[in-house]
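The following pair of complexes shares a single chain, subunit A, combined with subunit B in the former and subunit C in the latter.
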Partner chain A sequence: MTNLLEVRNLSKQFKSSGGPFRKPRAMYAVNDVSFDLAKGRVIGVVGESGCGKSTLARLILRLIEPSTGSLRFDGDDLRAKSPAAMRRLRADMQMVFQDPYSAIDPRYTITRALIEPFVVQGRYTIGTADQEVSELLTLVGLSPGLASSFPHQISGGQKQRVGIARALALRPRLLVLDEPTASLDVSVQAQIISLLEKLRDDLGLTYLFISHDLSLVRYFCDEILVMYLGRVVEVLPETDATVRHPYTATLMDSTFAPDPRQRRIIAPLEGEVPSPFDQPPGCAFADRCPRATAICRSETPVLSTAFGHAVACHNPL
Partner chain B sequence: MTSITDTIARALSGFRSTPMSRAFGSWLGKIAGGFLALLVLTAIFAPWITPFDYAAQDLTNGNAPPGWPHLLGTDQFGRDVLSRVIYGARTSLSVSATAIAISITVGMTLGAAAGYFGGFFERAVMTVVDLTWSFPDILIALIFVAIIGPGLTSTTFAIAIAYLAQFTRLTRAQIVRLKQETFIEVTINLGAKPHHILLKHLLPNAIAPVIVVGMLAIGDGIVLEATLGFFGLGAQPPTPSWGAMMASGTAKLFLSPWVIISPGVVVAVTVIAVNLFGDELIRALDIRDRIRDS
Partner chain C sequence: MLEVRDLEVAFGQIAPLCGVSFALEKGETLGIVGESGSGKSLTAMSVMGLLPLSGGRITAGSIIFDGQELTKLPEAAYRKLRGGRLGLITQNPMTSLDPLQKIGPQVDAVARLHLGITGQQARARTIEILGTLRIPEPALICDRYPHQMSGGMKQRIVIAGALAANPDLLVADEPTTALDVTVQAQIIRLLDDLVKERALSLVLITHDMSVVAQTCDKVVVMYAGRAIEQGPVEAIFAEPQHPYTQALIGCIPKGLSEDEHLVGIPGTVPTVMNYPKGCPFHPRCIRAEDICTKTSPSLLPRGDGAVSCHFPGAAP
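Coming up: the complex of A and B.
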């Protein structure tokens, strides 16, 4: 199986320039992230808010320019692309955004929003436009009758389906899903997830699925990257793999069981995520970790496969 | 009155419920909008409406009080005040509207470019704009007229420059706010070029508050034109302008007050109507917050 996406040592450093009353500061939003995404697979990225999940998605699509690292899409070096070549290539790698409510221009009808990908890519032909729009709407389970509606006339779930339809319009190979269900009701979430599963099977898509919902990611993905403060701390090659990193373990423990007989006492994670600015040496999780020892505060752990799968921890479970 | 304004509103809006027709919905909107529509029609059809030639002098009948045949009396040269007020509407409205149109065009271009590209260009533009913003409008207009000389053209450009800062700031604020919206990121990710993003998404969404502020600015422009005219810097004789007419009336204020009162009342009522209608438009478009945040 060939890799559609190869990410190597990808980092993004945000700097704030100093002024008369401020020190210049720098932080890594994404720090040294590497992974391969094979064609037809689904990789999930989980972590708390602020851990760099969304930044990672935007770096991969070059919506934000990476500081260092390399990106290969289907063997092509993405970072070497000229702006014009990159614009053309965007047809192959689309994204579904977290907030469906602001993802469609309020002045655009659904038809106009769905035609825009073709217009932008210079593939617009007047005769076929109506047919394309109704095909796309049918593909995502919407009635073609909605085509002339404005975004404020349809529901959040319908807007997200339109967002998915627009992302699929150019027949991309990679679809990045940035918390596509986070701002939707639970019942609508389930509809969107089953739609995404169906589309993957029907169209042979490859997904990068970003979420803070670990149980959702375990259900939906083939492989899971766990991120903490910009770094990948654990890579679970299968969703039922034994968890090694204490942070992943706490994340797993903090999902609620719907069955009252399965309820257990949840030990909430103490403390807060440290400031991403001026990080002390050592493991970023050390202050909150029940298994932390002296080495955790002096040496930054690196991903190693010594315990079966890749874990960045000095004292894995 | 009602049926006329409704017809105008529907004609303007293509028979649908639009902000324009909703602005005509309240009785204030009807009165203000109706007056403005009437004023524009009067200005356009001035040659057919005016009872006398605005420049025809009758020195034997100077400073005649209102009556027949001079409904609003005559000025010191015996010219018909009503005819001059009607022709003055032409001067005032066309100068103010042209000036604001120039101001909006240049201001939106500068503001959109500053907001979209950011960086050094934005800082340079906004520094100059804020600098002019800190002076009163009349001072900027006076400086400009002093440089290129009095007349209608220089008045037009002076008013355009005086209100440039307002439109630049407003547009920039809109663009900066809109740039954060997800649909812009979506469009970039579809592979759109900058001009597509600016022309198809940012400007269409930014234009509504700019148009309304422009509408209100036409009222201010009329006052500014009248002020420059009052100082003798605007329209030159014999072209009638409301400000110049008021200036000529000051000499015989107590002898023939109708010479100054007629254009004065028309200026005041016009500006009030513009502001009331502008407020109704703001309410109909629901954009009060967006206008305030610039």
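Coming up: the complex of A and C.
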């Protein structure tokens, strides 16, 4: 299996400028992340808000510039590309955004929104791509009759389908899906997920799927990266692999089963994700971790495959 | 403790809620579940007497709280109940606290107003309640502003405010929707403990069937302003009778079966301006027949619960 995407030691540091009462500070939104995404596979990235998963998505498409690390797409070094070359290459790698309400220009008709990628790539001009537009709408299960509607005239689920159609317009090979169902109702979420499954099979797509919903990720993905405060803490090579990291175990325990006969008494994880600024030394999860020992507060654990699959923990389960 | 019978709400000519009935005992949790636009928040607002704020009014039915009819209660009497014996937890903790006031005074105010105690007594109470909600260093937290706290902490403060005057009934409108999964688990567990320890009654409004499964004793499933199925939680999950309830449960990924396949519900929830004729669910229903497009089914007892469908029964 060839790798469509290779990410090595990718980091992104954000700096906040100081003010009259504040010193300038720096934090890593994404810290030393490496993974391979093989053609036709689906990798899920899961974590709570602020763990860096959306930043990771934007880094991969170079919508924001990485601080360090390397990115290879189908063998090409992405960081060596000029902005113009990068723009051409993005036809192959597209993104679906979280909030379909703000991802489409409210003054554009659906047709206009779907032609935009072609215009950007200089392939068509407005008014010459009606055929393409109706094909795209059919592809995502929408009626071509919607083409002249405005975004406010269609529902959230339909808007997300338009978002997917727009991402598919240039026939990309990689789709980065940034919480594509987070703002939708469950019934619509299930529609969108089954659409994505069908598109993957029909078009041979590769997905990077970002979500905070572990049960959804386990359902949809082949492999799972668990992130905590900018770092990958565990890579589950199979969705049913035995969980080793205490944080992943907590995430598993926090997802409720839709079955009243399986009520569980959750040992509630106390505390919340700490601020990424002024991180104490050691493991970022140590303060909330039931298994933390002295070493966890002094040395940052690195990903190691000594226990079967990659886990960054001093005291894995 | 609470009995709602044939509740109907109208905004001018539009009737977004019709014929909702349920009853809730002391120490019970009732879940009201449905997609956006199904009328679940409206039901909560009716119980809290907050409808007039948005221009709606109750056109039929009754809401009886501890023997007292609420629909005809004058506003002054309602004000005494609300925040007192009736507590409300809103969806978004970021907007339900005053950003310009410290936490302490905001929670104190509830007890001072409803229990008629002094500021000092109220503060002692606030600190005690914050402690029971597992907020670290409650005395220090009282001097903080909302923006200095995380979302999960803010939601706990909102819950503290709702508890400050010893309510008998709590209405929680999507209390965890804006929160991360680990924090959601903490808050849900907390509410569950409160119901048990204080023998509260809780109306929990949510769109998440898994939250219902984990916390509720009874469920009302709503669609397009109607209760389409209701009953004890075990029965609803073990043998849902309405095709919508079945589909809603089918939308949640269960676990690790390779053959599992998520099926969405085709189509979308109708808006209140164009509720379909007959059964409101018929355009999306796999079992729909001629009669469904013409006559609206009534909510009839079936098994341990009740269902509103011309063709109820287990999924084929």
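We adopt the following convention: the second predicted complex is superposed on the first by the 311 of 317 C-alpha atoms of A that agree within 3 Å, B and C clash if a C-alpha of one lies under 4 Å from a C-alpha of the other, contacts with A are read in each partner's own complex, and residues count from 1 in each chain.
By definition in this document, a contact is a pair of C-beta atoms (placed from the backbone, for glycine too) under 8 Å apart; a residue touches a chain by one contact, two chains touch by 3 or more.
Just so we're clear, the structure is a prediction, and the values are computed from it rather than from any experiment.
Aligning the shared subunit A places subunit B and subunit C next to each other free of steric conflict. Annotation for subunit A, partner touching more residues between subunit B and subunit C: C. In the superposition on chain A, A:Asp105 contacts subunit B only, with no contact to subunit C.
Of the two partner chains, subunit C is the only one that A:Gln191 touches; subunit B does not reach it.
Between the C-alpha centres of subunit B and subunit C, as viewed from that of subunit A, the superposed structures give an angle of 80°, to the nearest 10.
Within the superposed three-chain model, A:Asp213 lies in touch with subunit C and out of touch with subunit B [touch as defined at top].
Of the two partner chains placed around the shared chain by superposition, subunit C is the only one that A:Phe256 touches, whereas subunit B remains out of contact. Of the two partner chains placed around the shared chain by superposition, subunit B is the only one that A:Leu170 touches, whereas subunit C remains out of contact. In the superposed model, A:Gln121 lies in contact with subunit B only, and not with subunit C. In the superposition on chain A, A:Arg90 makes contact with subunit B only, not with subunit C. The superposed three-chain arrangement places the nearest Cα atoms of subunit B and subunit C 19 Å from each other. Taken together, the two complexes place no residue of subunit A in contact with both subunit B and subunit C. By the touch rule above, subunit A contacts subunit B in their complex via residues 61, 63, 86-91, 94-95, 97-99, 102-107, 116-117, 120-121, 163, 166, 170. Listing the residues of subunit A that touch subunit C in their complex gives 48-49, 155, 157-158, 185-194, 212-216, 218-220, 239-240, 250-251, 253-264, 266, 268-270, 272-273. Of all the residues in subunit B, the ones that touch subunit A in their complex are 181-183, 185-193, 196, 200-201, 204-205. For subunit C in complex with subunit A, the touching residues are 35-36, 134, 150, 152-153, 180-186, 188-190, 207-211, 213-214, 216, 233-234, 237-238, 247-256, 260-266, 268-269.
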